[in-house]
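The following block contains the structure, expressed as structure tokens.
Per-chain numbering from 1; labels A, B and C assigned in written order.
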Amino acid sequence: MNWNSWVPLLVVLSSLLPGLIIFGLPEEKVRFRIALNLFGALAKLVLVGWMLWGVYNGYHYETRLPLLPNLELVLRAGPLALLFVSLSTILWLVTTVYAIGYLEDSPHRSRFFGFFSLCVTATVGVALAGNLITFLLFYELLTLATYPLIVHRGTEASRQAGQTYLRYTIFGGALLLVGTVWLYSLTGSLEFTPKGFLSNLGEEHYPALITIFGLLIAGLGVKAALFPLHGWLPQAMVAPAPVSALLHAVAVVKAGAFGIIRVVYEVFGVEFSAALGVLVPLAWLAAFTIIYGSLRALFQDDLKRRLAYSTVSQVSYIALGVAIAGPMATIGGVVHLVHQGLMKITLFFCAGNLAETLGIHKISEMNGVGKRMPWTMAAFTIGAFGMIGAPPIAGFISKWYLGLGALNTEQSWVIFVLAGSSLLNAAYFLPILHRAWFMPLPESWPDEELSEHDFGNKEAAWALLLPPLITAAMALAAGLLVTLPFSPLEWAKLISVREFYQP
Amino acid sequence: MISAMNIEFYTSILWISVIWPLLLSIPSLHSRLPSPRHLAIIPAVLLTLIPVDTAINIPWLLYGTGFAIDSNVRWILGSVVVTWFALATILLPTKEQPSLSHSTTFYLLTLGGSLGALLTTDLVGFFSFSTLMSYGFYGLLAQHADKSLQRAGRLYLIFLIAADIALFEALLLVAFTTEHFQYEMVRQTMSNISSSSVYLYMVLLGFALKAGIWPFYFWLTAIFNSGSRVITLLLIAGPVTMSLLGLLRWLPAREDIYITGIVMQMVGVAAITHATFKFFLRVMFKQGLLRQGTEPITIAWLLITFTGFFSLALGTALLNPSLWQQYAYIVYPFIAAISISITILILTAGKINRKPESTDTTPVFITNIFHAFEKRFHATKQLSTYLKLRSKTLWNNSGLFVIRQYQHVLSDQKNKLFVIDWKINITLFLILGLVISWLAT
Amino acid sequence: MTMQNAFIAFPWAVALILLPLTGAICCFLFPRITRTLGLITSLANVVSVIGLSWQLLQYGSYRHEVGGWGAPLGIELYADGLSLLMLATTALVGFAISVYSSSYFKPALAVRFWPIWMCLLAALNALFLSADIFNLYVTLELLGLSAVALTALTGSKEALSGAMRYLLATLLASLAYLLGVTLLYHSFGSVDIGILAEQIQASPATWAALGLIAAGLMLKTAIFPLHFWLPPAHGSAPAPVSALLSALVVKASFYILLRLWFTLFAPLLDGDAINNLLGLLGCAAILWGSVQALRQSRLKLLIAYSTVAQIGYLFLVFPLATNMGSVAWNGVAFLIISHALAKSAMFLSAGNLLCFGGHDRIADLDRVVQRLPLTAAAFAIAGVSIMGIPPSGGFIGKWLLLESAMTQGRWDLAAVMILGGLMAAAYIFKVIGYTFIPAQITHEAQSVSASMQWSALLLAIGAMLLGFLSLPVLAMLNISDINLASGFGL
């Protein structure tokens, strides 16, 4: 028995099985449920670590299961897959701890954690997918698993948000399906190969290939929140904060961006795409989304909506890095996948803390919060500065490489987009920081439940405080210690070498 | 052997003097120590006094940065230490600010940033530390109770962000060209490439904004005008000095940049004339200058004069590189001298004499626009989503209404007779059979 | 091992027909234990299908002459891959529905339900095993009459009017079919499919027969625009009966249409026009059914219109399977099976909701997700298969159909399929969305027994698992005498 061919499947199952068990648990069994959750997260972490060590030593991990005649379900652990899967696993662990603390005494926790685990299963499946059909399968499963999380609260507003979410994502899924079937009927293969497998097709197929590219990117762009397919993201903010954190930093948005990376690099091949001429429109679209998202963010008073539009803007950095079609830009785009995840999840954790402890949902209510909740706001500050691109936090590194990539391929207009985006980011993040740290305290907070959540000297429960601090520290470390061998940047460099004809 | 031990000890002092203030800036730490601000400078003082040049390389931090000290840097370090020491002493609790905990945090952050910027050996490190220092300084400005100081802080922030963007672009250009970021290497490589003029402009622009060189002096006068001695001292010790130093270090060593050199000279001359004009105006219309002590705003104009001199000198050097080689050793002491002199002036300055807003050249309109912006676009509701609009038009359209009538034909209604419905269905059935048969022929 | 040999050699095909008939009679004769007898017969049916599948895997397609009298005089039973799959689906869905009905029906109704249900099961089995067109007529009639009787079971006004309409439609269709059979018999002197397939030639009689048979079967399958009887019948029947009708009964006439189209009438169908006509009707059914489903405010009617739409998908095999054969064929077979599982699960969960709240208004599904989690899960998972979203059997079927459409350049069909999927997602998620929120009016909740909830859920999970079992199922489908692309069965 070849043990190596089971490991990817086990990684997927390590959250599926606990999730299914949790569905059946009654509400009162809190400890058992927490134990199951943490067990699943830790098991996944161990398995991913094993795969990392194995791949570093030259082992090969691949699971193949028959799905259709001539098509298989493939789970393969390549460098790109491992990057995303490790990000997802670490952030899932942190988010689980946070969710346990956040949803204390909330109704329907079994249902929530069941779908939570299902969501991570789908994300890990998306990461490990070895061909486009497996990717499609887990991508759609992700849609289905995140919908109940969005409507979890059971109010009419959340139902509407769920309908909006579905409208966009099911439509995107249909586009992705059409593109995939068309591609399969043209080429008979859907495996992800480095540098793509389409460059051998004849010239007469080029119009069809361009249309397929458009369909695939549109389908993936819904989840990656490219303009104008981003409308679901601000609506989905009615969900509880752990869900927003997961959606924006780890699962849905990243799956879309990851899909774009996979399609451009490992289906079409970046040089072939550049030859087809499809990358320039993508670059324009991404640049427009970057600016548009930041502009919309300026006008929002609700904290989570502002962060949502910020995500719309930031994820397009990844698409931009892909579309610039140069090795440096690839590094920038791929590493931003990790960095934006770390920074954004910190911001959402802090927003959740503010809402949970003090009932703050709007920025205008945030005066002086830094004195009341200093650790939370410190983590928020680190995340915000990272978004602006101030060194030495991780966001600086990704902007650095994106700018370098633009210079390398003589597309200097991108530098202006990046500069403009930094400016806009500063414009909507710095006022928040200013309010929090430098304004005087209000007379009372909107909803401070002193009687129940009297933390005394602490500012929030440990389970709520520790995750943002951990992710903020990780964001700082990712920027400060970039030249260490296992930093995300070194990894991104490895991936970039594989995808280009000259390193 | 003793000297070897000393070298090691000294090297560790080098990086300790940067890390120590940063460490102390954690609130729970410095609230427990007596006079933390003085404590923080002690390693830097040691560094100044022991006359040994050394360097240390930290390869894994920030792309491989390092710290170094030599005689040039020591001049500036000396002046900076003096200023900081003075600052540490006069930063006392006042009526408006009984607790100094936050100020100390920002103070220490700024100190750590400026020391780091001073001592690093490469561009990335310089950029990172000066960012830390600038934002720390802004923090100090913003959390001051004085309203005009807060407004000045906002102005400073705008200039700071613009400067940072320009410097980041310059850094990108360097990264594009070379892998090494040490000063000398950068200076050499950047002078030989085609886009070095872009680099030059970016560097000049960025540091001019940061240092308040004419004509970007508005934030400087705003801060001086609101007149806290502590803040203005910090300004000297931190941003201005470091920016002048940065300008020195980042400039490429090109030979033939006439226009830039001339422009810089003109800027310098304009600064000097403008500043002297304003300076003497005040002196002329105020008698008994020395008895009452100088006003802070006058000191600002003096500073602008000095930076103007600096710009003039730099322009001349750009025009005539041989001059640069000859007189380069003067520049560091010059910067140190500026620093010390302004420090002394500020310390001996008299009481604040608040001027009415109209004579101050701070562009208030900038902050007004900000507020108007916020008020108008806060939580706007009229930006409904595209999709909602479309769904409304769909439903209002009569398209579905048509289907409804159609359905009445094909399905049953309560008042319709059973037979009528069936007629249609049976007809359709027969037609279908006929069509299929016909098509098969 | 003689036991194993005996197991294989046993005439399972005959058992499949005789067992339910016996069961029907026994259920009628012993009203007290009718429930138990029904369950036992259903279970025995499942075992028989397993036996038959084992037989087919060993020996290939199976022919049995009833009473030792072969064609053209006697009746022959024929089982190949397609009929095996239909039989297996019938057995599984039938068993689940039996389990459900054992708790659903009160004793007064149960004594009437079980005998008729067993008759229906016998008719279905016989239909899938028949090899000549007259036998098919007999089984069709039996099927139709049992279905009508079951629809009218509760005796309410809507049920009676719906059943009446269904009766008249099905009789009309059967008459047309019989007329066609008569024409063929008169022309060629035999009713056996194999013999007819050899001898058939184009002539006015044959054309007329084709037209009549096709029209009759299409009326029975409720393809647009002849679907008028389906929503009232399926909407007003009791839940297990609706499940039976949607999942199995309409598929039976479609199965006959498939068989006859590709074996018997294949020489006549040279042109593309007629296949495109059927494809066009299929597209219209998809669009019409989905739009109507979106407009419904009652759950059972929504599911009924969803059936109308899904049947449209099945009709897309006609334009697609002529040129390239097997991909579209596989796709349709998959769609039939997964739709059977999913639709029955949906109807059973609708029945649970009716039992629970006394109504099936969609907008008033008061937080069902919390109070009946298994039912809500069953509906959602079945919905996933209906929408064609992975991982489910419906996705595999849709993928195969899309693949064959795109390879043949039929972009119109592909576009309609995608549109149908999107609209299906719209109406199913509409329902699911309402299950999460509280209703304006709350109501007294009745309890729903565990067997009812679990049977619905297990059917839905079966539809989902089908998505991973495509290779074994397709391998079974390919058990037949001749290559599928050029017709099959002799």
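Quick note on the criterion: contacts are C-beta pairs under 8 Å (C-beta built on N, C-alpha and C of every residue); 3 or more make two chains touch, one makes a residue touch a chain.
The shown structure was predicted, so the numbers you read here are calculated from the model rather than taken from an experiment.
Asker: Could you tell me which pair, A-C or B-C, is linked by more C-beta pairs in contact?
Answerer: Pair with the higher count of C-beta contacts: A-C.
Asker: Look at all chain centres (mean of CA atoms) and spot the one farthest from the centre of chain C.
Answerer: Greatest centre separation from chain C goes to chain B.
Asker: Could you give the separation in Å between the centres of chain A and chain B, each centre being the mean of its C-alpha atoms?
Answerer: Each chain reduced to its C-alpha mean, chain A and chain B end up 30 Å apart.
Asker: Cα centroid separation between chain B and chain C, in whole Å?
Answerer: 71
Asker: Report the inter-centroid distance (CA atoms only) between chain A and chain C in whole Å.
Answerer: Result: the chain centres lie 43 Å from each other.
Asker: Among the residues of chain A, which are close enough to touch at least two other chains?
Answerer: 167 - these are the residues of chain A that touch more than one other chain.
Asker: Inside the complex, what are the residues of chain A that reach chain B?
Answerer: The touching residues are 164, 167, 228, 231, 298-302, 364, 374, 385, 389-392, 399-400, 403-404, 407-408, 415, 419, 422-423, 426, 430, 434, 437-438, 480-484.
Asker: Hey, which residues of chain C end up touching chain B in the complex?
Answerer: So the residues of chain C touching chain B come out as 168-169, 172, 176, 202, 206-208, 210-212, 214-216, 218-219, 225-226, 228, 231-232, 265, 268-269, 271, 273-274, 277, 291-292, 295.
Asker: Write out the stretch or stretches of chain A touching chain C in their complex.
Answerer: Going by the criterion above, the answer is residues 23, 65-69, 108, 111, 136-137, 140-141, 143-144, 147-148, 151, 154-156, 158-159, 162-163, 166-167, 170-171, 173-174, 177-178, 181-182, 184-185.
Asker: Hey, which residues of chain B end up touching chain C in the complex?
Answerer: Counting only chain B, the residues touching chain C are 400, 403, 407, 410-412, 421-422, 425-426, 428-430, 432-441.
Asker: Sort out for me which residues of chain C touch chain A in the complex.
Answerer: So the residues of chain C in touch with chain A come to 330, 367, 369-370, 373, 384, 387, 389-391, 395-396, 399-400, 402-403, 406-407, 414, 418, 421-422, 425-426, 429-430, 432-434, 436-438, 467-468, 470-471, 474.
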